[in-house]
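Going by the order they are written in, the chains are A, B, C, D and E; count residues from 1 in each one.
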Amino acid sequence: GDTTTPAASGGAAACGNYKIGMFGALTGPNANLGIYIQNGVNLALDDYNKKHPDCKVTLENYDSQGDPTQAPALAKKAIDDKKVVGIVGPAFSGESKAADPAFNEAGLVTITPSATNPKLADNGWKTFFRALGNDATQGPAAAKYIKDTLKATKTFVIDDASEYGKGLADIVRQDLGSQVVGNDTIQQKQTDFSASVTKVTSSGADSLFFGGYSPEAAPLIKQLRDAGWKGTFVVADGVKDQSFIDNAKDAAEGTIITCPCVPADVAPAFQTAYKAKYNEDPNTYSGEGYDSATILLDGIAAGKDRSSMVDFVKSYDKKGVTKQLKFDAKGESADIKVFAYKVENGKIVSVGEIK
Amino acid sequence: MQNLIDNFFSYTITGLTIGAVYALVALGYTLVYGVLRLINFAHSEVFMYGTFASLWVVMILGGHPGAGVGQVIFWVAMMFVAAMAMSGFIAVLLERVAYRPLRKRNAPPLIALISAIGASFVLAEIMGLRSRIAGWVGLDDNLREYVRNSRNNAGLPTIIQPQPVFTVGGYHVTNVDIFVIVGAIAIMVILDQFVKRSRLGRGIRAVAMDPESAALMGVNRDRVIQVTFLVGGVMAGAAAVFYMLKIGITRYDAGFILGVKAFTAAVLGGIGNLRGALLGGFVLGLAENYGSAVVGSQWKDVVAFVLLVLILLFRPTGLLGESLGKARA
Amino acid sequence: MSTTTSAPAGRKSSSTGFRERVNNLPKAVKIVLWVLFALFLFLLPVLNIPFITTEGSDFGGVLFTVATYVLVALGLNIVVGYAGLLDLGYVGFYAVGAYTVGVLTSEHAHLSWVVVVPIAIVVAMISGVILGAPTLRVRGDYLAIVTLGFGEIVRLTLVNSEWLGGAQGISDIPKPPGVELFKVPSLDWSSGAPVVDLDTTSTFLKFGINDFVPYYWLALGIIGLVLLFDILVKSSRVGRAWEATREDEDAAELMGVPTFRFKLLAFALGAAIGGLSGALFATKAGFISPDSFILLLSILFLAAVVVGGAGNRWGVIVGAIVVGYFPERFREFADFRVLVFGLALMLLAIFRPQGLLPPRRTVRAKRADERQAVLEEGEASA
Amino acid sequence: MPDPTRPATGDDDTTTPATPATPATPATQDSATGSHGSTDPEHPGERTLADPAEEVTEINPDVDIAPEDIGVPVVSEGERLLEVDEVTLRFGGVVALNEVSFHINKGEILGLIGPNGAGKTTCFNVMTGVYQPTSGAVRYLGKPLGKRKKFQITKLGIARTFQNIRLFANMTALENVLVGVDAHHSTGVVSAMFRLPKHRREESQGYARAMELLTFMGLDGKADELARNLPYGDQRRLEIARALATSPQLLCLDEPAAGFNPAEKAKLMELIRTIRDQGYTVLLIEHDMKLVMGVTDRIVVLEFGRKIAEGSPAEIRDNPAVIAAYLGVDEEDAS
Amino acid sequence: MLLEVNGLCVNYGRIEAIRDISFTVDEGEIVTLIGANGAGKTTTMKTVSGLRPVRAGSVVFNGKDITHLPAHERPILGISQSPEGRGCFVGMTVMENLDMGTYARPDRKSKAVKADLERVFELFPRLKERSNQAAGSMSGGEQQMLAMGRALMAKPKLLLLDEPSMGLAPKLIQQIFDIVTEINSQGTTVLLVEQNAAQALKRSHRAYILETGEIVREGTGKDLADDPAVKAAYLGGDV
């Protein structure tokens, strides 16, 4: 956009040496999801710094490993760093719930490119913004896909008891109604799913929805396939991660993944730039990460600091690479789309928007 | 409950397979507890290294689904060799580094537990940081595959395609199920005989009960302890192979929970008692599965621990009783 | 620990010579030293002393964490150090304390913090009795696994119970009521020499979300009280009964010690202190979930007690500082910090097998052992 | 000797450390020689032997260690204190006690003898609540002990020592005795926490009594030594002190002279008499006939879990059944 | 000379338990050490069997310097000890304990072992009766028999007996001394520690008297037994 502003031309004196924060899992089992986002954010920074070579903005990483218990301390660290004017993240729903109260109290803006639990927006946090659709739309979309596209009639639903996984699975359960033939809950870090496998196979389900992340999804489907279960495995954005396929190997084939993230080809210019930098296609939430960072960078360019950033984001309304970037009163994205993906020949490919 | 009745055999078979893994790992706890009277906290990592060894050997040999019988047998045999060697080695190393120095300093048993915990962290973290560590060594690109995403899961290709062999009560018992259960029992029978026939068993018990008198009988304590760790490690290696065949995925922290379970199994059966470990492993595996069926998978571990508490209340030294005696009042 | 390098803190020093010298000082001087030491502890979070202050994470928060570890270690020391009961599930009581606060102030009721903390202590104590009454008959190492099971049962119950907030936990735990008495400015060392930074202040005692220092002060005060309690109880018949039970349960019983009752008492007191610590944790965090109460924490707590010197309260405090502070201090090792921490535990175990500050009797025995080792090795190598 | 005004605590830091009771002598070779016997190192064979009495720690029979009033009904001298009534105890196939009956009168020293494995220690175990008899009963002051716990029985006034020493190895001698004294104290957490008067009174009285007992047993110089560092003989004596500390009516000694040489045994014999004279009743298991005959008023003989004889020492010495079962033919040698 | 101890010094920390003691045991002898509590008898025994490290001096067995040989290698050479306090493996049965005695015997699989077992059972019928009872639940005296039996099962060249009569009934004490004499006559050399000094001296070829860690007198058993000073000090003279 046209972001040449007085602040930037004001030279080094007015330059705030601002930083933006990236809050999410950069290491640990879910690191891929964080890194996809971080890549997008970095790209936005590159763009900005190219335009403002005399007043660069730097990125500060807050690696939560996706662990809610580590989140509050990291939030505190970000808050104490007065140069940080906005946060992209927290990436996961669990850690958002743990960290956002502190951000709210400190008045530090957070734009999450990926945390999808609907309840996050209900806390009245002034600093909370979500640059994508939440699970209140993803859940029904998944249910719709199962019913209408897969034409499945018996669905088993499993969740991982996490803020995200359970929240999403419950919505799916509700939408599928009587079609749900069984439920189960597993634990994060669990590896032996034999009991769940027995339940699924004996229920006669032709499809299984799993609300959770890839470290559990991979062994779950592997053990299901080993036990001879032939139905369709449906998961959501938490499993849209290359490591799912790396680990489940052949068992991953045919898995349906829903995601409120746009496919790479929706924004060709972004796709090209991304590919040039990282030598691969943009992945889950890379575009959303780019957009979220861009909003904050636009704010910096407009001379906003930490305290004035909230209002800037609130009134933001521009076209980003993924969608029209605009937030409602609760901080939710105004423009919402959910897409379906499928695992084919060891790749996650888009099969179009779920409408 | 209805679920359990309907799928009783299914839960039984899956319970037995995972129980077999618990039992083999439990042996390591029980053996070491037998000589040193301490919980070898790092035994779970000994097991975890075995899972990686068995995984890597399949990767090196290019294991893939749908191969011929001969090839599969070769792969599986190599998995055992690699895992047992790796786990045995780690166990012996552990004894050297984390326990022997303490023994030489007459450290109280609790501090040995701390040393073991430290060793457990170190071993797990080394595996979890293998990509970083490999980076320093300037790793050849060919090896990238082995260290990629070192904190995430690593999956084994399905080299044995599970095939139903026969059906009980509506459940198809697969070749993998049979292999795991029969294999584990066979290994344990061999171990039991080995310990009984060789002087090792007597040596272990003697050292545990009275190290001074044992020395007077000519028992070499250091050697007995070392062999004990080795045997425990080799058993964990075997368990690792069965685990990989059944579960198919491992991770740098995969040992932790399994270790807790296996130790529970050892206590359940009567710690220090080899057959107790076997029984404890199977009982725990079954209880978990039956429990999951009745009250839901999320309560699986709760069922296991409640069972443990109940059994200990009624049989304070485990199902088969411990084989370590106490002096009388 | 680095704090012991400063003057009065040296009381913790393991050098008996130093300790004797301190003990021989006139009473007035001792009191002054103690007061200075207390003042130092009070100001520690705002002094921002280079090297000691953690770069990676907020120092006030780290100090608070260390303080909860110290509290937990004092409680666990009663169980493990005094009564000799190996408890691998201590985090269970910590969780009970935290969740009592969570449930009664946020999830299902909105009672005042001041009311809830005593309730949390009592609930934790009751849970200690409930766990102890049936299981304390189980001996030695079996108890370890039973308690471990208890810790896991508590955690899994939290995960799976909707009523307790499930895996998502409980948020919006209110802050304790504060009084704003005075502001304490902090020191800024960025220019090399300390400069008083009037902009960064902590208010005594205003409990907010983003200033952890007042929580540290609160915890410090509570530690003082618990310490006093510990000293008084240990030096009584109760302390001797624990010790006798630990040494030889049958013999103790035959000498008239109702060992079961005393073990249960140790369990209950330990649990109460653990619960208190958990309550503090919940208060400061404002958000608790089952992930905060994993088995690993029990093990770290135990490590604090053993590494410090089970049975010696000053030792376990040092141990708690090591276990609570080092992982934060090691943040610069980033990914390698758990590895470094593990190595540190192993090295501590090997080079301080009796703990950093072993109990008095072990010190004595150790000195004899060392001399013996020297004599024997001297000959063996000759 | 430690300052008697010092509160008796086992704590590390609340009290100023007492000066060590036995100053540590440096471990140099020369400083340790020459304190015993003669010193000509060239001719060890020429040495005069040390006076054996010098080797034995002096006890102080004059110290008043009479049992404290613990609320047990007073029985007068000669009345029945404890009665073992038709007690049978089986361990699987082994009948350790077979309908054994005997009684102990207040103020006497009763010997319990018999071949190895006859059931003597088991008898102690039944009397102190370690085992429950399969049938029969143990009556104390006329009331059956029933299912009372071990510590309750101790509080009623039965105390014992162990055949294999079982001290609290890592506590000091003083602390060991204090644990025994504590048996009749009741301070709990609350009174300790607020240092209530009851607590202070019990602590100071307990400390005084413990020191008295140590002095009586000749161990006052070793009050601050760890039990495990004491020589064997001192450990045996400390066991007796600890048992006496519980203010028992009945003191049961299980082979207290095992491992002692004749001179030491003689001392012990004196000691046991003195203990009785201070108002205790003593039940003694011992294999050394000289000791048993010399000190006991009455003897009960067990064999294979059965009582085979009972009577005065002189009667027992001449009882043919006892000779056959226990003493053996060459009686002179055995003593 | 089967055993030769030269200038031996052993410490427990700063306590010098034995100082510069020297003695010898000839093949086929019974040699007794007597002395008061804490004189250092047990320490001497433990040093010979390797349980205590030596500070100075040497131990030579059968011409071989074994001063620093680990304890567990000494049974192989033919040294066996029945320790003070018995040291039975409490959780093992009586039978298993006796089995442990043969642990280091080169001929442990031969028939000789069976014969030795019969012999031990003959000496101590109680052990045969209770061969499946846990050693820890045996009475004190029964455990003493077991310790002795276990040492015999090792068929040593040199048998170290530390207070074998402790806790035994008078009749059995008699028997123990008979056994010692008998196995000695069959060729086993015995080093004996006894508080029952009168008996021990009567049965032994030679004896040493230990006082506070030093040897203060030596002589034939008979000479010492007749020595009035020894009588007064250790034989319970006229007490």
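By our rule, a contact is a pair of C-beta atoms (placed from the backbone, for glycine too) under 8 Å apart; a residue touches a chain by one contact, two chains touch by 3 or more.
Here the structure is a predicted model, which is why all the values come from computation and not from measurement.
S.K.: Compute the centre of every chain as the mean of its C-alpha atoms, then state which one is farthest from the centre of subunit C.
M.R.: It is E.
S.K.: What's the farthest chain from subunit B if centres are computed as the mean of the Cα atoms?
M.R.: D
S.K.: If you average the CA atoms of subunit C and of subunit E, how many Å lie between those two points?
M.R.: 51
S.K.: Quick check: how many Å separate the C-alpha centres of subunit A and subunit D?
M.R.: Centre separation, subunit A to subunit D: 75 Å.
S.K.: Could you give the separation in Å between the centres of subunit B and subunit E, each centre being the mean of its C-alpha atoms?
M.R.: Comparing mean C-alpha positions, subunit E is 44 Å from subunit B.
S.K.: Just how far, in Å, is the C-alpha centre of subunit B from the one of subunit A?
M.R.: Comparing mean C-alpha positions, subunit B is 37 Å from subunit A.
S.K.: Counting only residues that touch at least two other chains, what does the list for subunit E look like?
M.R.: Within subunit E, the residues that touch at least two other chains are 11, 13-14, 137.
S.K.: If you look at subunit A, which of its residues touch at least two other chains?
M.R.: 27, 161, 185, 187
S.K.: What positions in subunit C touch 2 or more of the other chains?
M.R.: 156, 159-160, 250-251, 254, 335, 368-369, 371, 375, in rising order.
S.K.: Would you pull the subunit B residues touching subunit A in the complex into a rising list?
M.R.: Per the touch definition, subunit B meets subunit A at residues 3, 6-7, 10-11, 14-15, 17-18, 65, 148-149, 151-155, 157-158, 162, 164, 172, 174, 176, 247-251, 253-254, 257-258, 288-289, 292-293, 296-298, 300-301.
S.K.: Touching subunit D in the complex: which residues of subunit C?
M.R.: So the residues of subunit C touching subunit D come out as 23, 229, 231-241, 243-244, 247-248, 250-259, 265, 269, 312-314, 359-362, 364-365, 368, 371, 375.
S.K.: Per the contact definition, I'd like the list of subunit D residues that touch subunit E in the complex.
M.R.: Touching subunit E: residues 24-27, 29, 32-33, 35-37, 41, 44-45, 47-52, 55, 91, 94, 113-118, 120-122, 163-164, 231-233, 255, 258-266, 287, 289-290, 325-328, 330-331, 333-335 of subunit D.
S.K.: Please give the residue numbers of subunit C that touch subunit A in the complex, ascending.
M.R.: 56-58, 61, 156, 159-160, 166-169, 171-172, 208-210, 212, 285-287, 289, 291-292, 335
S.K.: What residues on subunit C touch subunit B, complex-wise?
M.R.: Touching subunit B from subunit C are residues 80, 86, 134-135, 137-139, 141-142, 144-146, 148-150, 152-153, 156-157, 159-160, 250-251, 254, 295, 299, 302-303, 306-307, 310, 335-336, 338-339, 341-350, 353-355, 369.
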